[in-house]
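Two complexes are shown next, each including subunit A; its partner changes from subunit B in the first to subunit C in the second.
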Partner chain A sequence: MKNKAWKPWALLSPSLTAVFLLLVVPVCFVVVYSFWLRSPTGQDIPAFQLGNYAKFFEDFFYPSILLNTLRVAIETVFLCLVLGYIPAYFFYKTESRFKPFLMILVMLPFWISFIIRTLSWINILGDSGLINHLLIKFNVINSPLPMLYNEGAVIMGLLQYLLPFMILNIYVSLDGIDKSLAEAAKSLGCTEWQAFREVTLPLSLPGVSAGSLLVFVLTCGTYLPPMILGGPGNEMIANLIFKRVVGTLDWPFGSAISTILMLLLMIIVYTYNRYMGINQIFKTLSSK
Partner chain B sequence: MDVLYRKVGEKMVLKQEKNPAFVKFKGIEKRFGKILAVKKMDLEIPEGSLVTLLGPSGCGKTTLLRMLAGLEEPTSGDIYINGKRVNDTPIHKRNLGIIFQNYALFPHKTIFENVAFGLKYRNVPKSAIKDKVEKALETVRLPGVGNRMPSQLSGGQQQRIALARAIVIEPDVLLMDEPLSALDENLREDMRREIDNLQQELGVTTIFVTHDQREALSMSDKVVVMKDGFVQQEGEPEEVYNNSANHFVADFLGHSNFLNCTVAEKSDQFLRVTLEDDTALFAVPSGEFKSNDKAEIVIRAQKFKLGYQADYVEEQDMNAFFGKIVDRSYMGGEVSYFVELKSKQVLHAINFVKRTPYRRGDEVFMKVAYANCRLLKIDEKR
Partner chain C sequence: MKNDLEKRLDDVVENYKEGNISRRDFVKFLGISGAAIGLVGGPLGLVHKALAAKSITCHSWGGSTSEALRKFAFDPFTKETGIEVVDAAFTGMDAFLTQVKASYPPGGEFNIAHLSAVYDYARYTDLGFGVVLDESKIPNLGNVMVKMTETLRAITKGTLSAVPYDLGQTGIAYNTNKIPKEKAEEMGVSLLFDKSLKGKLGSWSGDFRTNMWYAALHTGQSPNDIKDIDAVWNALKEQQALIKKYWASGSELMSLLANGDIDATVAWSGRVAALQKEGHPIGYLAPEGTYSWMEYMYVLKGTDLDVAQKLLNFMLEPSAAIAVAKGQSYPSSLDPTKVPMPDEIKQLPAFDPTGKLDGYLFADPVYWNSHQLEWTEKWDRIMAGK
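Then we have the complex of A and B:
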């Protein structure tokens, strides 16, 4: 056969099968479940009705949690950007022989369980945690500062989880930028800062945009930091789903919330792609 | 007064008078950790000339250029441009045009924006920028590409845009770091001539870094041959090629043969020397030699005249070698012959192709004029 177009598909088929069976099929189940009925005795009855969706939008309680999730996600993205760009830029610039070691430090958290990392913040931020303990010991304060079980603690937990994703995304983008571009800009009259603004920053935007999207989507779907580090008012949408499905075994309603979140994220990703261009990332990678 | 004179440092000099040390390196040294990349170097570059820094990789040529550009800081020593010490001047205030090996065009900016970049930072008004950019694009023979992106141009075209971007700011010195090495052979030849012509037209002092001896010899007013952070020789291309100062320069430029010998005695303008197998030869000395000094003879591969041994006739002022052709390689216009002497040393000769080229195994003589045999001191450092 002359046409070799089937070859890549043959190579992709194992992963496509896995993705289909382990992701697409379960997601379809979730969507189907979201239309089912739950009887007062707690039985799931196959049906096709929109009652679960109506329940979500019945009053402001559930949508407000969704909005809260989006707000926290945007805040997290912004903080990750600021805190992630700096180390990424440092890695790009440095010629230190410790660079590989420092890069490993960035990836080190991936080797430790997410739950343990999140729990460890209790020992740092808690009333008898490290910070309060030291502040009281050195007589800076008299009673412990309430640093745990609020939104700040949740965002802190999210940051420690998501920062490596942001750093690595930005770094990969920066690493593809020829350093002589900034040198050329400087030779043409730019200061260090102007050269960064004119050349390095715009060329690193694909990484910034990819990292931001990743952090945003991951934040929207996470439930551990709010569960462990948040207070009653810091619930995020994933906590709600978790409670419905695992707590009250209300699969139909939990599925409906999941479907709403999924649709919302799809719309956001699609719009983001339209205007920010995720394609741009692939373009920069393939032109190298 | 202003018309005739201009300021060079603290002095006033005649305008048409060229500054012989427009760019000056004084005792310049650069250390990277334990490695000394440039060692106590002094170098003067005349105004309006094209000077190449030539040498193998790691010889310090690029480091020297980057120090002049302000991209590296010298460990010690001073750099002057037009009489002014620039060590502490940051790169963006040095007014230099730099052309990088990979062109370094801004991929996210149009060609117009690329060329206009330096003007924007020199606060040139918008209307003037437009005129200057158009003129620069015409100078590099690429008018009308302003709206395109760099990726839409070929390598040679990108190189010209890089050139336009560097000259549009009217730099004091144009620095080029191996600008042709990314181009393919034929294009390189064209660009070389183009850069040469453009440089002469603009009269801008240009420093050109290369490891390609043909580039260096064909376009420079002055060649600076470097090795291990030292200047080995500087001079006009003909001077450096024909009167190479040492073994390294003679070996690096073109194809040279080296023969170890002992100085016998002086006779007229030539020195008589003997090879290890007691063959007597005559050579032109470079420097002072005493009897019994160990020395080496350098002979360019192109200077040999070949013939069949049967046809050999002695000629005046010509050294002769006899041997057998052990290898040859055809290179289009000329042929490289490798001739093994009785002493087992193999000499390399390059001759234009005759109707019947010599074959492997042919017994030949090689004649070379005394004047083309140069006697060099044995370089202790080598």
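Then we have the complex of A and C:
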């Protein structure tokens, strides 16, 4: 029998080459740059030194933005989970013939540019936006509510971006659960709520954790919602990297911050893999 | 290359006639030679050269600015010379500088950039991205305000890597429905630090200089020679608590003012003029010491200078320059004492009828660039409320 082990690798080679050239090589460049120096005029000076990393940790300003990013990411994950589980569970339970249409509605936002979707919140939450306009018109309030340019608006922008990822992950996980299991639990005396809590919910946890990881990682690297919808003090780590790289041409320091963020996310993904198994994400996405 | 190939072809014909090489080898050599001439020096080479000479890229600010350039300068230039001007837009000066830096050494991707402020002229020059223009090929440069060209010459040791094209100010815009004109004029710069406007003030996130400039004026200091830097930082920290939004682009500035989200902010004079044209209740204040700047067409290393100089001269033709100035709402760099200006230009903010720009305060590039890294980082901290 001929050895066919090379065949999968041959089929994978275009993808692996693309990943290597478009992801691994640029990331290596970023890591190398993080050890370089910046000249006063903005030129990069090849070197090997840890000054950029020391600068990040030497006062609390930069770590505080990183911690703020992590806090916003956790809040976003929690809200996505609460808001995402309900529609995912509905899709799982419903027998409606409109189910495919409703599923398309979840994915509909992906058809519109992310920046347009984010900008549209200005017309909804702004001082002269839709909500304030209606509230003032019906004499509910006298002056506009400050709904825009604060952390709440940033989280709102993140939710509209990330909620579909959470819903789809949870739904795919729920869809793989045999419905007769919950029925069996009920036939043994469980209430509807108990059947959900003891059977359905635990079995859907792989989807919950996969969606949470995805939302968390995407939030940590997001840049647009804080920039467009945030106010003073709502900056996240990606905005800081942009400012260092673009604003001050300090590529070495920007690379060091990027590397720190990347390492942190790698630790989180590693921990997830250790306890949940990273393949759960793929299982969830491929399960019926 | 072509001569070398011809010589070798003669040698091969000679050898073929003398029977030293076979007919098959002779034909094979003819084919290879033909392909080489075609690709490098023949018809394809000519096409390559023609394409290289028939287009030049100009990066500008997008929106109404790029539209005015395209309509009144680039399209007529193409019509007259057959040279295509590729109209490109950058998201900001810093982002563009990053792109240029990333593509260094230059390969002709970036040709002309519509840059703003003298400190960036110095930054691009310090990074080695500049050229030396042959001014004899830009005769219309003689109509440009002398102070503008001399300011650039001082940085590039008597030469020019750019031609000044327009000027403007970063003054103060305010909502006339919310802030009476008298109050705005009486408060001047302090309007930007007025505690009664808490939650209704804006400022530009992208430039530490603009913010420090007005904080310096607010604390009674010269912006180009700040003695008490702590007073400036403290003023900006106090202002941060009053700010609703640090805007990042001209369109965001206009949106915030037009929608009434903010009542006062630093603002680019041309953008305010555009809002006023649209009928929004926005006033413009240019108190003493207002931050003035000039914009120029910077030619980047690796550009075909003959084409660039031809385009720049065309853009400085009074008819083209005035039409562009009207379109983008910024006065032209042409000296009004040499080139008569229409009323529409005379009414624009920052217009100087004397052409001497004596009362205009520009940022000292040496002073500001020497503190750029340190002050940008400090400014980032203040914006973040740290």
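One rule holds in what follows: the second predicted complex is superposed on the first by the 277 of 288 C-alpha atoms of A that agree within 3 Å, B and C clash if a C-alpha of one lies under 4 Å from a C-alpha of the other, contacts with A are read in each partner's own complex, and residues count from 1 in each chain.
Throughout what follows, a residue touches a chain if its C-beta (ideal position, glycine included) is under 8 Å from a C-beta of that chain, and two chains touch if they have at least 3 such contacts.
Not measured: the values here are computed from a predicted model.
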Once subunit A from each complex is brought into register, does subunit C clash with subunit B or fit beside it?
fit
A:Gln194 in the overlay: touching subunit B, subunit C, both, or neither? Say first, second, both or neither.
first
Report for A:His133: first if it touches subunit B alone, second if subunit C alone, otherwise both or neither.
neither
Of the partners subunit B and subunit C, which touch A:Lys99 in the superposed model: first, second, both, neither?
neither
Report for A:Leu203: first if it touches subunit B alone, second if subunit C alone, otherwise both or neither.
first
The superposition places the nearest Cα atoms of subunit B and subunit C at a distance, in Å, of 48
Quick check: in the complex, which residue numbers of subunit A touch subunit C?
38, 40-43, 60-61, 64-65, 122, 126-129, 146, 148-149, 227, 231-233, 235, 240, 243, 245-250
Of subunit C, residues touching subunit A in the complex:
92, 94-95, 97-98, 101, 123, 126-127, 199, 206, 240, 243-246, 248, 255, 259-261, 369-370, 372-373, 376-377, 380-381, 383-386
Subunit B partner contacts - residues on subunit A that touch it in the complex:
178, 180-181, 183-191, 194, 198-199, 202-203, 287
In the complex with subunit A, residue positions of subunit B that touch it
69-71, 90-92, 94, 96-98, 100-102, 104, 106-108, 117-118, 120-122, 151, 165, 169
